[in-house]
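Pasting the structures in now, so scroll down.
One chain, subunit A, links the two complexes that follow: it is found with subunit B in the first and with subunit C in the second.
The block that comes next holds the complex of A and B.
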């Protein structure tokens, strides 16, 4: 029981957008799909949901293809940044249409959420602001009976209050009916506590994939006088550095050596997800720039 | 029938029925109510003929145009269906099924309009209706003089014509959905111009004065519409155009399927 992405490659006009991606989304798990602009997150989600075709590779759900397959496509829902709903259609009608195609759509919860978000379901989709379009799409995403929900930029245009409301609704619905959520967003700090697993895409490849605690357990900040820090982090996977006054910080991703004593002048702490992401993706950029 | 195919077909069919209703409302408003209002305002009400206007509304022809246009609307439906987990194959099948159902609806509407309204208002009998410029005039004597058989055959031809128009709309709509906005505009502008130029070219080359190179095209056309050995009007073979439309529809449906499978969401 899982959604598997195998050796997915996407090329467009001679440019590689995704480069032989291998990935597994397990059931009943909340994933964060992180990456800088242009890393290929939306392309990956569009390929998974069969909205576009991969140049190479396969995507399967429980070993069944997702290409042109009603049975598997009906088990996932992608809330995308691109609006696929007809602008002239009223929201009520769109909910009914979604219920027709997905079956078992939680209409009562949709109406309840619309009330909490102050969303007028008699409005036409095209008349909504960016934020309210996002809210509507989120409501649909939280109420469809799909096993895999992909949220591409789920808080685009949402104010802080609405974002809080969404995160709470996500926790509530996940607790009540666990399923897989894959959240692609740039607001890492806000969702860090929600995530169980994380996938970081950079330069069209997966650079990190795993459980958030496991990933963060291998992410360190080593601070202290420059020479001591440099000595300690020599030959380790340093993904970034900072200097403030006489203090130097090296960001390391990977296991620390057991046989190397930590100098008294050096402090070792764990990185948070956002800091890890920034340094991992900056590091690659520097490497590529060189 | 699988649930998703049934749901998708039902969605498309009911939407097309709704659009057809609105089309007829606009048709009546433009060709019945507006002329009446103009004649009323200009004091020429005696020139207005309600029965004449109703009898010349041309519901059948309008339906053909309607079916072709609505069937060509591809991308908006594709977006909605792929958002709702409907595959391209199911989308194509549903469009074919809803088109067939709509073709049947159109045939019934046209039959009721022709035989219950046009014939009593403009012609004394169905025989006169068939003999006065109806498309079936060319074939009226082929099956003999049995009116029921001729009505049935004419309706089958009409249904097949609608299906051909529908599948042509499907094919062009699927192709157009793959083009960029600029290319689409170019095709829409240049297509008709080149088409007209081509027709003039054929016409000028097939009049016997300059060249016989396009005579074969004219002969092919005659063959396809059932005109064997220069048969007289009314004696053409209706089975041939039926077969032509059936084969043409299959080809168009095939083209629609091929391009439908390549549909993708534009970012």
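The block that comes next holds the complex of A and C.
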């Protein structure tokens, strides 16, 4: 029971967008899919949902292929920045059509969410602002009966109150009916507490994949006088440095050595997810397109 | 010398989107235009740049109308979420065309910024990710020779590092060549320090307009035991309340009375812009479309 991405590679005009990715998405888990602009997040989500084809590799759900397999594809839903809706159609009508397509679409919850977000279901899709287009697509994504829901930038254009409302709705619906959510976002601090697992893409490869507590347990800030910090972190995986006055900080990702005593002048603390992400993906070059 | 919005009203299908707005944008100033989803920010910016027509009211630049006035309109530039570019055209070509249209377009700075953002100018616009589309549009907006630059959600889809890079580029270009920027964004905390003036739209009206220091000087948090706080803030403009344990906080927007002593049990502090915004716009209903 899982969604498996095996050796997925995507090339475009001689450029590598995704480089032999291996990933497993387990049932009933909330994942964060993090990466800088152009890291290939949307490309990966589009390949998983069969909207584009990988140059190489396979995606399977419970060992069944997803390519041209409507029964299995129906268990997946991708909410993305692409607007699939006719601009002239009213939201009410779009909901009814979606409900007819998906047998178990939760229309009552959709109407309730529309009320919470002050979304008028009599409006036409084309008349919605950027933020309200996102809100409508989010509502649909939270109400489809799929087992795997992929949300590509779900808070694009949402104001702070509406972002909070979405995070709460996500927790509510997940508690009510556990399923897998894979969330790609650039507002990492806001969502960090919701994530059980995290996947970080950088330079077209996966650089981190695991449970959030396990990942953060290996992410450290080592602070103190420069020479002491350098001596302690020698040969460790230093992913970034900062200097403030006479104090130096080294950011380390990996286990600290048991046999090396921590000098009295040096402080060891844990990094949060946002800071880990920035340091892991900061120094490297970024591709431009996906 | 200023851009003046006078009694601008916008109605659509019997709904009021903007209700008799009066606003002045001075030269050489960075403005924040803040409002919840659906407050009418994009509608206002589209009216100012003559992309849509107001139901009523006028917009003038140095007393000249902007309606069908190419000379004056050329002094304005609106970067919005609408993609005006041909998907198949290469970015290089789009820059050259823009430079031909605007005599003083700063192509050297555009190329420099593209390098900083790792944007490949040989890519076609249609192949860019959501974030990189925003980046390209931002670069153009920072390089056109207009006197008034309107940025509607300029960091939509940008990762944290790229948002930082944009804020820095904005300061650099503004210092080099002062002009007016009007920035609409939902990431208020990040941009608050860059803003000189702020305009807050709520319920289709302007609820705050002024210099950021002046506005924040009138924004208070009054904390303490509930009865003491209530007594002190009676008849003041309380825009929100919070409770934590036995402590009550009232958020006040307006001058505090000189003749009312502050009880010893009560603490008075200032609010930041994000918190002021949330409290001013929280309780009210929000329209759905713009």
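What we mean here is this: the second predicted complex is superposed on the first by the 282 of 290 C-alpha atoms of A that agree within 3 Å, B and C clash if a C-alpha of one lies under 4 Å from a C-alpha of the other, contacts with A are read in each partner's own complex, and residues count from 1 in each chain.
Here, a contact is a pair of C-beta atoms (placed from the backbone, for glycine too) under 8 Å apart; a residue touches a chain by one contact, two chains touch by 3 or more.
Please read all numbers here as calculations on a predicted model, not as lab measurements.
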item	value
Partner chain(s) touched by A:119 [first = subunit B, second = subunit C, both, neither]	second
First, second, both or neither for A:102, with subunit B first and subunit C second	first
Comparing the two partners subunit B and subunit C, which touches a greater set of residues in subunit A	C
Which of subunit B and subunit C A:243 touches, first, second, both or neither	neither
Which superposed partner A:186 touches (first subunit B, second subunit C, both, neither)	second
Contacts of A:42 with subunit B and subunit C, given as first, second, both or neither	both
Which of subunit B and subunit C A:158 touches, first, second, both or neither	second
Subunit A residues contacted in one complex by subunit B, in the other by subunit C	42
Subunit C residues touching subunit A - in the complex, by the definition given at the top	12, 35-38, 42, 81, 118-120, 123, 127-132, 135, 153, 156-163, 186, 188, 274, 277-278, 281-282, 285-290
Subunit A residues within the subunit B interface of the complex	42, 46, 49-53, 68-70, 73-78, 80, 82, 84-86, 97-98, 100-103, 146
Residues of subunit B that touch subunit A when the two form their complex	2-4, 7-8, 11, 76, 79-90, 261, 264-267
